[in-house]
Each structure stands twice: as structure tokens, then as C-alpha cells.
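Data first, discussion second: the structure below is written as C-alpha cells.
Labels A, B, C and D are assigned to the chains in the order they are written; within every chain, residues are numbered from 1.
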Amino acid sequence: MPTVSYREALNQAMSEEMARDERVFLMGEEVGHYQGAYKVSQGMLQRFGEKRVIDTPIAEAGFCGVGIGAAMVGLRPIIELMTWNFSLVAADQLINNAAKIRQMSGGQFSLPIVFRGPGGAAHQLASQHSQALESIYAHVPGLRLAIPSTPADAKGLLKTAIRDPNPVIFIEGETLYGLQGEIPEGEHTVPFGVGDIKRPGRDVTIVAWSKMVHVSLQAAAALAAEGIECEIVDPRTLRPLDELLIVESVKRTNRCVVVEEGWPVSGFGAEVAYRVQKAAFDDLDAPVERVTALDVPMPYAKHLEHVVLPSQERVVAAVNKVLYRE
Amino acid sequence: MRRLEREARESPPPAERARLAELYRQMLCIRRMEEAAAKAYAQGKIGGFLHLYIGQEAVAVGAIAALSPDDYVVATYREHGHAYAKGTPARAIMAELYGRSSGISKGLGGSMHLFDAAHNFLGGYGIVGGHVPLASGVAFASKYRGDGRVTLCFFGDGSASQGAFHEGLCLAALWHLPIVFICENNQYSMGTPLYRSLSIEDVSQKALAYGMARDRFDGEDVLRVRERVGEALRRAREDHVPTLIEIKTYRFRGHSMSDPGQYRTKEEIEEWKKRDPVPFARQTLLEHMGMPEAELAALEEACKKEIEEAVQFAEQSPPATEEDMLSSTYEP
Amino acid sequence: MPTVSYREALNQAMSEEMARDERVFLMGEEVGHYQGAYKVSQGMLQRFGEKRVIDTPIAEAGFCGVGIGAAMVGLRPIIELMTWNFSLVAADQLINNAAKIRQMSGGQFSLPIVFRGPGGAAHQLASQHSQALESIYAHVPGLRLAIPSTPADAKGLLKTAIRDPNPVIFIEGETLYGLQGEIPEGEHTVPFGVGDIKRPGRDVTIVAWSKMVHVSLQAAAALAAEGIECEIVDPRTLRPLDELLIVESVKRTNRCVVVEEGWPVSGFGAEVAYRVQKAAFDDLDAPVERVTALDVPMPYAKHLEHVVLPSQERVVAAVNKVLYRE
Amino acid sequence: MRRLEREARESPPPAERARLAELYRQMLCIRRMEEAAAKAYAQGKIGGFLHLYIGQEAVAVGAIAALSPDDYVVATYREHGHAYAKGTPARAIMAELYGRSSGISKGLGGSMHLFDAAHNFLGGYGIVGGHVPLASGVAFASKYRGDGRVTLCFFGDGSASQGAFHEGLCLAALWHLPIVFICENNQYSMGTPLYRSLSIEDVSQKALAYGMARDRFDGEDVLRVRERVGEALRRAREDHVPTLIEIKTYRFRGHSMSDPGQYRTKEEIEEWKKRDPVPFARQTLLEHMGMPEAELAALEEACKKEIEEAVQFAEQSPPATEEDMLSSTYEP
């Protein structure tokens, strides 16, 4: 299997789908001539031309709306948000239009559209540029939400997203673009609603997605040295959610920790906890724990950013807690 | 208030008379349809918000008459007239207002969210200005495909202060999209008169910010609307030049059924009623185009029937279904 | 104690605070000449004049931003959103500006501002106009969130909100405006973070806010006839949350149902469930149940709206479930 | 590219020379401060995004020179120069970039979020256009209080397509707020040249949509900036007429430190460097105002010292604290 970066995997997904289907196009700030703010669309303008790789002004509500209108009449837009932080100026388009048009038209208009871009904190970008907003969009029926942690998942999920007839919120890891990983050769898609066990283990179930999978893997490695085996379940899509995979894992381990980069209150971690305690009530040997960002806007200073974000140490501590260690 | 004189017309060719008769018919049917809806609302048979278009009919009917069926229309929550003019049957509209599964949006959308894919009516939207970029996107698709279609986007004067309006027009102008934006300036956004919501009196001036073509005229004469919108459509279709058109009009009713409309004087409303587009068209037909009273009466009777039948259809239709609701959130 | 409507209670709160403090003003669509879209500000223009009761164009991002700027330099704006559905066009102002300015300025600028208006479904307003968005705003650190269920709470919490030096999301019940209730005479404030037991009971704890308190009260009355006594805890503010009151109640009843009008996924109900299972793990005799809106955009048709919204029947069913009845 | 000729000046009064010397000093200090920041960034001592203002200094310095200390400034993420010109000490800025608790925002805001309450500098904001309505709100407060203050709001050419820009200007014009909007047209938003982001070439034309006063000029001469902004400030303060000003300028560096800037040719950049506002001011002082070279050298040496001291201060300051972070989310 070839090894490629997460960034390149996304590029492959878009390029393959654009080669396959004339209706697919990419639109966003700096996606064309600049080759992408994070270089995800590198080379695509050259390959597909200005008609299909479209640079926009800084008008997210405008071009998200444009994508929605275009999707209503049969095109299949990929709308790049430079980062998900900027989606907030287009929140009305995503929540009041994209999520609702199919239902409020009585099913007449489907919306095959992908909104994609990086989410989460990068390094010291401060409060307005460091938000993991997946819990907000996961709240909204009518949207799908994919949030891959590896190059293979990034490619496979993005291809599925582009082919999906519904609006998909696709959140990439801003700090994962350089991550290398193997990708199956040839056609590779990952279905929505099917999670993946990123590390098997018998003692504790850790539910994590996007970058937090990697933080959890580090924690698991550290714990393995002490004889604790964590099972890391990556749901890969939050909407739909592979609840079964999570619950079955918890039924084996009897313990569950959710790790998320976003804020705690009303976060998706709470959702996982709700479902786990409901579906595996009698199997739980300890309350579900969550590890989240601290409940503050992200500060600029490097060491404080580390304090705010979930870390290996905090994951280890949570695992120890559900195991009643120390 | 500036009064408009009826433009004198030479004795017109019969085709022109037939065309105006059809537009008159549409306006009248819309009027009757909404009167029936208001009645049903008062009886508790229709719920939610109901925004009547009464008084503004010449705008939708005239503008949409200039379209070909392949062209697209995108509108607001005040869109019964636009849907009808674009081809949605009155019965499908009425059934929607009644929340029936035979409604054009299967009873899931209601008054504010009529959609009709078969007639390229891309919906009524409830967030002021939120549909403007979406309309630009529909036009974007036409340009992308080179299908020669044009999109007409309707909105009220209140939209002009929304960010989405600005962004939608920015992109349409930058990308030379085949679209015509029609601001139906009925001079009020809910209870707020234009002078308290906009720093300019001439809404079409907004076009200057985008280097966009613009036009501005009064909207009681459906033929004038058709003609002037037709020019903009030609610019959009042939030259890929979008236009912002401001059409002055007036709603005779409150903002919605729940609005007593106390912010306008009786005199103001009466003054505007003198320019009611429906009798205006009738009078033109009768006095300037020589349409016999009997023919007009027959046409009016047909409208009445059509709407009665629509109400009956709505009342007898089965309610919206849970199955449609559940299956329409996502496409499987 | 005088009996007034929820609407009138809000009006009193604003009027009293405006009389007391010149810096307080009210701004929003139709708040002045029209006397409020829901008549909450009836008479206020006449009393306080156009300088302090300000009608705006339909420009939510604009006037929410104006409020934020004015608050930064010491005014105390009350910004009315005609409904919370329309806050989505101003989401960036609320989330990226209001919630963050204090922290990102190193504490230099406080934001004494209230964003208020009705939330939730009214009657057949369809998908774009029927949203209970509290879970989205409760997610965001830097904001406070109050959501009263009674006239007394409405008045007391709004006065507290106006005096609070932080941005407050204040969500009124669109269908509660006509609700009558007693209000303590004279100065009446309700502190943030202090919940209220709306009905005491020994068998099950129901956590509910805003309109759902009333749905729960009906359910509780029905259940009382069968000998089941529900304790209804109304947190009144979701941020801060009176976790203690909830947890102590659950420790007494050993059972918990959360009732919320919003969508389930990542809803505040999940947050409550997470906290309860964590803090009262050994006390719970059944998993925490939640009753929420169905996971769909709101349909127009009346009977379908009833299907989607939490109802007395569904609350009763959930209570029975945690009691293992039937 | 249109070349600007240095405007010939009569031998100026000494006060004028002193004033320009001060503006030159400010520009130079900003330049040196940012050069030092770029160096520290390369050494990994500063993180995050760092957007340099190098090349545009005459805009902030000239415009803010026309203010009185009570007036307010609101700016973007490219705001080191604006903060400095408004009075924030270089050391407090530098310490902020280093993430130190002695930083002007206690190390919590960083480069994009400098705030200085004592100097009425209301912040740097990271969301393009998001601060524009906020600035209108600051001006609203001045009107509300009748305090006679004016707000200056800076933003880039890229902001002009944002909905928030539109809404902020709508309200300012409607309510006659004492505010001046300054679009720093550096001709690129990130890698996108103006002609690919705007449908008009003259950004000040946006003012027409609001019936707002407007102005437009080149920004390499700090005195011209001061003068023309001064006129707008007078309009704002005395007549309550807001103005949109477009000032043409250029950034010599990439969009941020991570941008190699390959979308511009060397020639283009070289051409613009001939209009570098810093040497332009120096030359004016030297050649047209008779300021002795020795005095200039002393001033330049002072700048160098000031910035060295600022860097030292930053490096020796204690890091931002968890306590500040936790206690500043809410006011207790």
C-alpha cells in the first residue's frame, strides 16, 4: 500500500471524484491559484482548470450559499472553508439552508454538497482561530459529519462524502495534514456510520476522533507499558454515529473514556456518554469519563494552549480514573 | 406620493391582449387564492405564519411571464404568487397551506416553504436575505453547465441590509452570473418604513457597490414589469450581466396574518389601492384593449372555480405523513 | 404577589433596569415603534424615547456587533433578536466576538450585554423558525445562558442578566409569553447558577427548562395520579449550571429523565446525563433517559409538529422506563 | 502602475517638521519592531500567525495622528502598527507576541489580538470583517453619550465582500455615527489580487450603496494620510457623517510569516518599494524640511534602542499565567 500524507489523501479523493464526475467542483478561498491555504488542493487548478477550481472572495455565507444553490440543481460542490472557524459567518447557510432544504421541500431537492476544511487548534492561533466546532454541527439534523484521523480515512470518507446525496460537514485536522499513512491502492471509500478500532484492547474503551485518536494512541502506548490495554474506537463519522461499535467495545471493557478536542459543555463527548450509559448501563464498572479542552477560549501562549488541549497525560489520568487506579 | 399615469396604448394586436388577459388571470387567481387562504386561516384550518402577497401580484406575475419554463425562480416566505406564476397549481399550494400530503412540499414546508422542482421553483425561504447567495448558486450552475438558463431572485426591501444579500450580489457581479435580482420594495419591512431601515431612498443604488446593472420602476402595471424584467433577463442570458431591479409596490394587508398593521394610515393604504395592479390590468383590457366584459367575466368565473376547487382539494386531502417527514430529512 | 404575564415580566425587568441605569438600552427589530414583534417591549419607546429604544434594520450581525462594541466602552446593551433562529446570521458575532473579547484582551474589556429573544417552536412555523438552539450557545465558554420558564424567573433572571458584566444569551419561550404567574413585589432578581425545584417528588428527577418545565409538570400531574412523584428541577441557567441541585435530587430519587425541546445529538440533555452518571453513578437505578425533539427539521403540519416535540406522553413513558414500569 | 510624484512643499514651519519627524519616528519604530518580531519568529520565540504591516505604516500612523487620544481605533489581525501609533508601548506589544504576562493582552491574545484599553485601542480581530459592526457600535456609544469621540475602523480590501462589512456600514450610515472606515487596499487578500475578489476596482464605490461620504488616495505619504483622514474625522465629529476611505498601499512581506508570496512578481514588489513610506518621509524631512542628517540619525538610533529594549523586556518577562487565563473568561 502506498504511503501518502493526509493532505495528499484528500487531494486524491477530490481529484479522483472530479475526474469521475463532471458535476463535482471545488470552490473556496485560495483553493486555486494559491494551491490551497493548506495546500490540500495543490495542482488541482492546473489539472481541472478555473471552471472547476474556483477561487472566491472572503464571503463564506456567499459561497456556501452558492454551493447550496448549485447542489439543488444537480451539481456536486465541494466547498472549502479555509478553516471551520470561519464557518460561523456562514452558520445560517449551513444550518438553516443546507440542513433543511430537503425536508422542507418535501424531499424534492437533495443537496449533494461537501463543506470541508480544517478544524481544531493548530499552534498558538488564539481564540478565534482554534476552535473544534464539530459538536455544534453534529447537533443539527439534516447534516452528516465526517472527521477523519488518518490518511486512509481522510481519502475514503471524502470520496464517500462527495458521492453522498446529502450535505456533509467534513472536518479535517489542521495539524494532521502532514501525517503519513498507508492507503489501499485503487478505489477506496469508507462508508459513513462505520467506526474503526484504531487499537484493540481489553481494559478500557477510549472513544476519540480526529487528532484525539493520536493523543489517545500515545496514552495507550504509555499505559500498555503498565499493562493496561486500551481499545481506541474512532467513530470517523459523528453523524451518523456507529453507536454499536462503541457500545460493544464498552461491553467488553466495562469502562469508557471519551476524548475530544472541543469544549466540554454539550460536546459530542456528552452525547457518547449518554448513549453508553444508556446502552451499557449494567456493563459499566465506572462512570464514563471525558477529556476535553478546558472550558475557556483558546489562549495564545504556547504553554497555555497545552494546558487547554487534551493531552496524553490527561487521557492517562482519565483511564486510571475509570480503572480506579491510584 | 408620485402618481403614475396609465400609459396610453395604441390599439394593441390580439396576441398582446391575450397575453395580458393571461397575466390578469394569474394575478386574479393569486388574489382569490390568498383571499381563500386568509379565510381558512381565520377558521383555524391553516396555521403558522401566512404572509399575503395581495397588492404586489403584478411583480411576480409580470417578472415570471418574461421567463421561459427552464428558468429558475427563488423567493422569500411571501411566495404564493411566485409559485403560482411559475406554474405550481393552486391546489398544490392550498394543500400545502393546509398541511396535507398532497401539498407541493408534502405538508412539511407550509406557506413559507413552497418548492416545486417540476416547475423550477426553487423555494420560499424564511430567513431574510438567506436565499440570495443560494440564488446566485443556481445561476452559477447555469453558467457552469452553459445551459442558457437565468435565475430570478425575489426579495423584499428589508433584505438589502443583510450580509447575505451583499455577499450574494458580490459573487454574482464578480462572476458574471446569469441572474436578475428583484427587490420588491413594498416600503415596509414588517412595521418599519424604508426611511427607518435604509440610509438611501433608492434601493437600486446598492448595485453601484458591485458595478452591477440596475433598474427601478413602479410595479402596478404587469406589462411594464414583464417588459423591464425582460430587458434584464436578456442582459443576464446573453451578456452574462446581472441586474438589480427595484420595483416599487405595496402590500394591502399586514406583514402576516397576525399583524394589525397599525403603522400605516388608512389614507396611505387607500391611496395605494388606487393603483391595485389587478383592476389596473382589468381596466386596460376593457378600455384600451377592447376585451369584452363577458370574456372578462368568464375568466373571472374560471378563477373563482379554480380556487374553490383548490380549497376543496386541500380540505379533502389526507394529512402530511410521518413517513414523508422521516424519510425526507436525508436522502438514503 | 401580583400576577403578571411572562411577557410583562420581561418588560418590567427591562424597564426597571433602564430606569435605574442610563447605560442600559434596548435595540432590535421592531422593538420600538411596533412595540416589539411579540410585544415584549410594549410602551418602552414611549417611556424611554428613541435614543434608548432603537429600531434596527434586518441586520442581526450588524446590530449584535454594534451592541458588542457599545458594551466594550461601557454601555449595557440589551439586544433583542426577533427570534433565536435569526441569531444564526450573527453566530460569528456571538461566538467569535462576544464570547472571546474578555479573554483575548487579557481581561481588559468586559462585555455587559444581553442578547435576548424567543426560542423554540411556536405553532407550525416550520423548520427555519422553530429551533431550540440553547445547546449550541451553551457549548461556548465566555457566554452565559439563561432560559426561564416562569414569569418570576423571567423577570429575576433578566434583571440579573442586565447587571451581569458578561455576555448573556437569554432565551425566552415563544409560547410562554402569555403565561401568567406571580412575581414577588419590589426588587426581584434571580441569581445565575441557582436552579429551582418546580415540583418536589421522591421517585424520579426530571430536569427540564423553559417550556419543557410545563410539559413535565403535566406529565408529573398525570403520574401523580398513579402514585408516582416526580421532582422537577429547572436549572434556569444552563451556563453556569446548578449541577449540585440536579445531582442531589438524583441522589434522592435514584432516577433521572432530562426533557429538552432541542435536537438530541450533542444536546444539553446529554450534558446533564454525563454529569449525573458521573456524579451519581452509584445512586442511579436506571440509565438517564432523555426526551427531546425528534432528530429532524421541524415540519409544518400541526400533527407532525406534535409528533416531533416532546409531549406529556413521551415524558410519562420515559419516567415509566426509568422506573421499569410495564 | 501610476507613479506618484512627491508633492512639492513650501519650506514648512518648524511645527510641521516636528510633526513629521514624530510620524517618521513612529513608522520607523513600527518597522523595526516588526523586523525584530520576524527575527524572533524565525527563531521560534514567537508562534502562531504573524502578519507584518511592513510597507503600510503610513496608513496607521497618518490616520491615527489625526485622532485625539480619546478617539477609538478598531483594527484587524494586522494591527501591530495601529496599536503602536495609538500609544501602546513597543515592549507591551513585543511581550504579547512572546506570549508573556507583561504583554498588552497578558499573552492571551497574541499578535492578532492586541488590545489596549488605556489608549482606546479596542483590538485586533481575526475574523475578516467581523470587527466592522463592532466598530460601529463603539461609535454608537459615542453618539449615545454625546462624548464627541470618533472611531476609526481599519480593514483590508478583502473585508469588502463580507456581510459584516456591509451591515456595519449600513448601520453607521443610517444612524449617522461618528466613524471613519479605512480600507487599507494593499491589493491582495492573502494570495488573491483585487481583480479576482472584487467586481469593482474602486473600493470606495461601496460607499455609494449607503449614501456615505467617501475618499480615495494613495498611502505612501503619511502627511497626506493625516490630512485626508483628518477631513473625514471632522465630518464624523462635527456633522455626524461617516466616511469610507480607501487608501492604496502595499505590504512588502507575505500575508503572514508562512506565506512565501509567490503570487506577486519581484518586479511588482520592487516597484512598490520605491514608494516605501518610511524612506519617503525621511527624504521629505531631509530634503524638503531641512532636518539635519544628525538629528535623523539620533532619532533612528532612539528607535533602534526602543525596539532592542522591547525585545529584551519581552524575553525577560514571565510567561502568561494560567490564572490570568482562567480568570479572564468571565468577569466574576
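For the reader, a short list of remarks on this structure follows.
Everything that follows uses one rule, which is that contacts are C-beta pairs under 8 Å (C-beta built on N, C-alpha and C of every residue); 3 or more make two chains touch, one makes a residue touch a chain.
Everything numeric in this text was worked out from a predicted model, so none of it was measured.
With chains reduced to the mean position of their C-alpha atoms, the one farthest from chain B is D.
Counting C-beta pairs in contact across C-D and across B-C gives the higher total for C-D.
As a whole-number value, the distance joining the C-alpha centres of chain A and chain B reads 41 Å. The mean-CA centres of chain B and chain D are about 47 angstrom from one another, to the nearest whole unit.
As a whole-number value, the distance joining the C-alpha centres of chain B and chain C reads 37 Å. Across the assembly, chain B contributes 105, 107-109, 113, 125-127, 130, 161-164, 166-167, 170, 174, 197-198, 325, 329 as residues in contact with two or more other chains.
Residue positions 56-57, 59, 61-62, 85, 88-89, 92, 96, 103-104, 126-128, 141-142, 295-297, 299-300 of chain A each touch two or more of the other chains.
Residues of chain A that touch chain C in their complex: 61, 85, 88-89, 91-92, 95-96, 99-100, 103-104, 126-128, 135-136, 138-142, 238-239, 241, 262-271, 273-274, 277-278, 281, 284, 286-290, 295-297, 299-300. Those residues of chain D lying in contact with chain B across their complex are 161-167, 170, 173-174, 197-200, 205-206, 208-212. By the touch rule above, chain C contacts chain B in their complex via residues 29-30, 33-34, 37, 55-59, 61-62, 85-86, 88-89, 123-129, 295-297, 299-304, 307-308. Taken in their complex, chain C has these residues touching chain D: 25, 51, 56-57, 59, 61-75, 89, 92-93, 96-97, 101-110, 141-142, 144, 165-166. Across the interface of their complex, chain C is touched by residues 72, 74, 103-109, 113, 115-117, 122-123, 125-127, 130-142, 144-145, 163-164, 166-168, 170-171, 174, 324-325, 327-331 of chain D.
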